[in-house]
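Scrolling down, you'll hit the structures one after another.
What follows is chain A paired twice: with chain B in the first complex and chain C in the second.
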Partner chain A sequence: MTVFKTFLKVLNKYKGTLILYTVILIFFAGFNIETNDTGTDFVSSKPDVLIVNQDEEVGITKSLVHYMEDHSNMVAIKDTEEARDDALFYRDVNYIIYIPAHYREDFLAGKNPVIVVKSTGDYQSSLAELLLTRYLKLAEFYQIIEVNEDALIEQIETTLSKEPVVEMTSHLDRNQLEKATRYFNFANYCILAGCIYVVCFILSSFKTKGVHKRTIISSTNYKTFNRKLLLSNALFAFVLWAFYIVLGIILVGDVLLSMHGIFYAINSFLFTLCALTIAFLIGNAIANKNAISGLVNVIALGSSFLCGAFVPMEWLPDKVLAIAHILPSYWYIKTNEYLKGLEVFDMDALKPIICNMGVIVVFIVIFIILTNFISHKKQIQK
Partner chain B sequence: MFFHNFKYTFLTLFKNKMLIFWTFAFPILLGTFFQMAFQDIENSETLHTMNIAVVKTDTFENHNIWKETIQNLSEGSDSLFSTVYVNEEEARKQLEEEDIIGYLKLEDTPKIVVKKSGIYQTIFKSVIEEINAQELMLNQMIQNGDFAVDYSTIYQKIEEITKKEAPILNISRANLSYTMIEFYTLIAMAALYGGILGMTALNQVLANMSHNGKRVAVSPVSKGKLVLSSILASYIVQLIGIALLFIFTIFVLKVDYGTHLALVLLLALTGSLAGLSMGVTIASILKTSENVKTGIIISITMLGCFLSGMMGITMKYIIDKNIPILNKINSASMITDGFYALYYYDTLDRFYFNIVSLLLFATIMVVISIFCLRRQKYDSI
Partner chain C sequence: MKNIIEVKNLTKTYKRLKAVDNLTFEVHEGEILGLLGPNGSGKTTTINCILSLLKYDAGSISIFGREMQPNAYDIKKEIGVVFQEVAVFEELNVYDNIDYFCGLYIQDKKVRKTYIKEALELVGLEEFQKFYPKQLSGGLLRRLNIACGIAHKPKLIFLDEPTVAVDPQSRNNILDGIQTLRKKGATIIYTTHYMEEVEMLCDRILILDKGKILASGTNDALKALAHIEEKVSIEVMDLEETYIEKIQKFKNVEEVSYQNNLLFITYKKGNNNVTELIDYLKEEGIHYNKIYSERPTLNDVFLELTGKELRD
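So, the complex of A and B:
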């Protein structure tokens, strides 16, 4: 009990760090997880568009503006060119359309007026350009056969309203699963940093010269002492994992109470165990507290950046992913990514998950062997 | 005495391994991570060729407009589609295995089958709508057939319109790489972390902070000279760190700082000065341990970098848009915005505004420090 009480006392000193990591997790993985994918029915993506209309909003100009409004998210930006440029750079808007003065007049006169645009050059802006192009070309088509403006607009709008039938084969709630995956991917950083930081600092506190000497001369058997310390740390890791699971259920929703949720939980539990063994390895190898804080940042940030915790795995270059294979985080995140597209839970579908989890178990075993090797070597040196 | 203290402060700072790790090595490491993670993001966000399938039906085979348009859109290395023509069973199989993003089945009406919603699926649907619209329009004209101009002329005109570009003129700026902001915040972080160097150096001459400071306090040397030489030494160390970071980001990470090299240097010097003055102020006004002071400098720096977009590029924009005053007093944001202005804008008004803001910030910090440090005397300590 004495060991556990001391453990809790030291842990209490580092509660601020754990709170900080949790706040980061809530902020980035909880509130910051907007997804384009929506529910079980097909929903068209909408680019963020701004229209700067210098013409009167009547006739063909009005029709064009309404068409773009219906098929895009219209963004409100301060009415200055600098604000628009900033919005474009920071992707608040994907496409800015400048409708020139007298556009309607010139169009009806057959002058084919040019529309100036600014775009981010990404696929959202390509979609916006596709919408604008379609309208302009249709307008040009119908102008050949229709002279009356109202009839022309009616023709354009009737043609534009014809949509193909869209069938969606997957009926997974991808929105929720995407959120869950991003949450658990981001948790990679918090679990890794939280575990290593706290466990290493606790081990280092117990190894402080005076404390260590007092422990050696105490009546407590060193084996009992080590076992209790190990159990206390394992309990801490378990509580941390359980807390993040509960937090996940609150932030992500009831998808975590389904079969998908069970596998997300098992995967994160294994990863927490792995983080614990990494922490033990570092805690045994290094006693300098300053060096530990540097190492925590390098390991946790490095693993998270290279393996896709912060940036989705599909956006990472192949070379980076090839390097990431040597890190446990890669296998943990790979399972999360696989889970979001999993529809059935039969043996064939589960094989990749079991394989990834097997690799994490191998990492755990390697870290335990390394820890024992280092502590054995240190004891011999003493 | 000035050079003696300058030399030994300089050497002491360089021999402090943890200090050098956080101010020199950590920004370089973080920059490497940023580069590894972000190098492909913008490329992933541009439109790539979509793999689609078309189900071979009699309707499709008999409709030239569909056949030709899909074929045209699938030609060339940078085509919109990469199309396979298969039966429905094969198309469904390929969709399940995610080899294609969707397939088209043309019978009485066009039908597209996709696995999930998404931007590529929407673009696919949008293109199908466009071809459908063209066909509808042609049919309409054939059915009407009562217009004055002859059909072949109109058909020719329509073909011409289909093939030519829409009257759209794109005037976007070339420098639109938003991931650059991450590297700018990195420079801001390194500049502000320089405050730790200033604080550490100053602590060595403060009687209430170190034994060295006590000895200095009783020595018959000008305190002003000592403080000034310590601060200058830490500024030089800080500039060496920033220079290394610049060399690394420019030559290894290929970060684009724009074309005004002299102005980039001016911003780096001013930003470092702001960081240093912040560290000196914290060292002067707070009567607490070095660790707590370091923690405060790191916290202020990281909060500033967070607000200027280090942990999410759009954060700076959100703050600028909704609470602009916050970033006007945030030195990390001034540095980031200065680099952004050099990279993105042709004019220099915004850049100079940030330079003046940083100088003002540094002046305020220095004035506060002077008021705290002047005539400091201890009867006993």
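So, the complex of A and C:
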């Protein structure tokens, strides 16, 4: 109990640091949750369209123009071909429709007049093309059965006015999952920094030259002492993880009590273990508290930035992500991101998660081996 | 007399340097043994070998009649160590620091509480229990260092230069504390640079240099090894060379030197050397101020044995 009690007393001295990291987590995770609300409601988008009408705006021509106006953002551009080309190049407009002269007459006469178009070739222009094709195909279809122009226009407009009903088939609360992912991604920084900082500082205190010598000389079995110290640190890491899970439940709610939550928790638990082994490695290699402080910032901030804890992974350059592969944070955040879109929990769907977690376990093993190696080498030197 | 420690033919080499060279000595129950020697003489290495902090190349060490080994926890239970460097937790206050180190030996909470109280009293830190190491002066910090090493009431105590860079008040307190520990029956090994501390505290002294024992014995026995018996220094202004030559010819005079208006004379033997000298100065009308007479120190013994000062 002496070792554990002293561990707690020393830990008490670093509670300020832990509170600071927790406040940062609450503040920034909360901020992320509010500002990165991606929203998953269906909203149809409108392309930017320019209509160059050389026909009179009456009858079927007028109907076509009105339909396009209703379903697109009509753009006003200088009436020269050069200005239109520039507008396309600079994406000021996605789609230009040239309605030729006598279009109405030719269409009603069944001559199939050609409408020339220019497009940027992107998603928005495809949308505009879809709208135009939809109108023209309907017009062609109803022209066969309706001779009267007014009746033809009425038929077309009635059919087109029927809006499709869009229903989301997924039962996931995407908004909550997004929030949970943001929270756990940001927790990457707090777990790493909190764990490494506190564990390294406590180890450094226990391993201070004189204190360590006194411990070796004492009648306490040194192996037992080491085991107690390791267990105390592990217990601290566990409590830190549990606290962040409870905080997560408070901040992001029910999603953490679902299957998703279980996997977020397992993933963060493995990552906390990994952070603990990193802390042991640093604590064994470095005794200087100033150096530890600097290193904590480099490791925690560096890997959080490189692996997408602060900004979404998809915004990071490929080269940065390639480098990030060598960091445990990358696999932890990758799992969080994957969990966000996971709908079923069968073996096939869980394979990527298991693989990512496997990589973190490999990191844990590597860090343990390195710690033992350094510790053994130091003992030989002594 | 019962031997608490028996060191036989201890040898420890660092690469090519022999830090301890075939050392053999015993420490008797209840005595204070002083290890005296300059830096690098092998004092700390010897202690580290005895405590099994270092592996040694040859020899044997037994404590309380049993072979000392890293896992000899029953022996370690009876040992207390005070290192040269202050070895405490910065994050713990005075009481908690003593509690931790005492707790490594004593599991019973009540007993530990009593022991901590006694240790605090011994080093005079009762009023500083809630202070953190950073808030203590150098002297008080050294006292805390001692309290951490002896709180569990060990039978054998190693004190490695416990008074280095300590103010006179703390030094006296520490030395008094050591005397008290001995009175309570502890056996103490005391290493230091300060000859006066060794002379005051130690029953026996080992003088070490280059890993070897140069001489050992009681304070008086060691001083008897010196060829000089008295050292006199007098403050005299502008003494002429002829007077110095005359003094050189006095009975029992070993050596005379005159520097910065101070006349130094060493005598081989005799008791009335100063009287003869003062009579002569009066006779010649030479004015003098202060006169100091002292017996040879352990430093003089060391100087004669090695040709260098203990502090070199």
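As a convention for this text, the second predicted complex is superposed on the first by the 248 of 382 C-alpha atoms of A that agree within 3 Å, B and C clash if a C-alpha of one lies under 4 Å from a C-alpha of the other, contacts with A are read in each partner's own complex, and residues count from 1 in each chain.
We take it that a contact is a pair of C-beta atoms (placed from the backbone, for glycine too) under 8 Å apart; a residue touches a chain by one contact, two chains touch by 3 or more.
On a predicted model such as this, the values are computed, not experimentally measured, just so you know.
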- [ ] Please work out whether A:Gly121 is in contact with chain B alone, chain C alone, both, or neither, and reply first, second, both or neither.
- [x] first
Task: Which of chain B and chain C A:Val198 touches, first, second, both or neither - done: neither
Task: Which superposed partner A:Lys209 touches (first chain B, second chain C, both, neither) - done: second
Task: Partner contacting more residues of chain A (chain B vs chain C) - done: B
Open item on the list: By the touch definition at the top of the document, which applies to A:Thr220: first (chain B), second (chain C), both, or neither?
Closed with: second
- [ ] For A:Leu339, decide between first (touching chain B), second (touching chain C), both and neither.
- [x] neither
Open item on the list: Contact-wise, after the overlay, does A:Val298 reach chain B, chain C, both or neither (first, second, both, neither)?
Closed with: first
Task: Interface residues, chain A side, partner chain B - complex - done: 28, 32, 36-39, 41-45, 82, 85-92, 112-124, 126-127, 129-134, 136-138, 140-142, 144-145, 159-160, 162-170, 172, 174, 290-291, 294, 297-298, 301-302, 305-306, 310-311, 314-317, 320
TODO: Show which residues of chain A lie in contact with chain C when the two form their complex.
DONE: 1-2, 5-6, 9-10, 13, 205, 208-211, 213-222, 225
- [ ] Mind listing the chain C positions that touch chain A in their complex?
- [x] 51, 53, 70-71, 73-74, 76-77, 79, 81, 83, 85-92, 96, 99-101, 103-105, 107, 148-149
- [ ] Please give the residue numbers of chain B that touch chain A in the complex, ascending.
- [x] 18, 21-22, 26, 29-30, 33-34, 36-42, 44-47, 92, 95-96, 109-123, 125-130, 132-134, 136-137, 141, 144, 147, 149, 154, 157-158, 161-162, 166-173, 176, 178, 311-314, 316-317, 320-321, 340, 344-345, 350
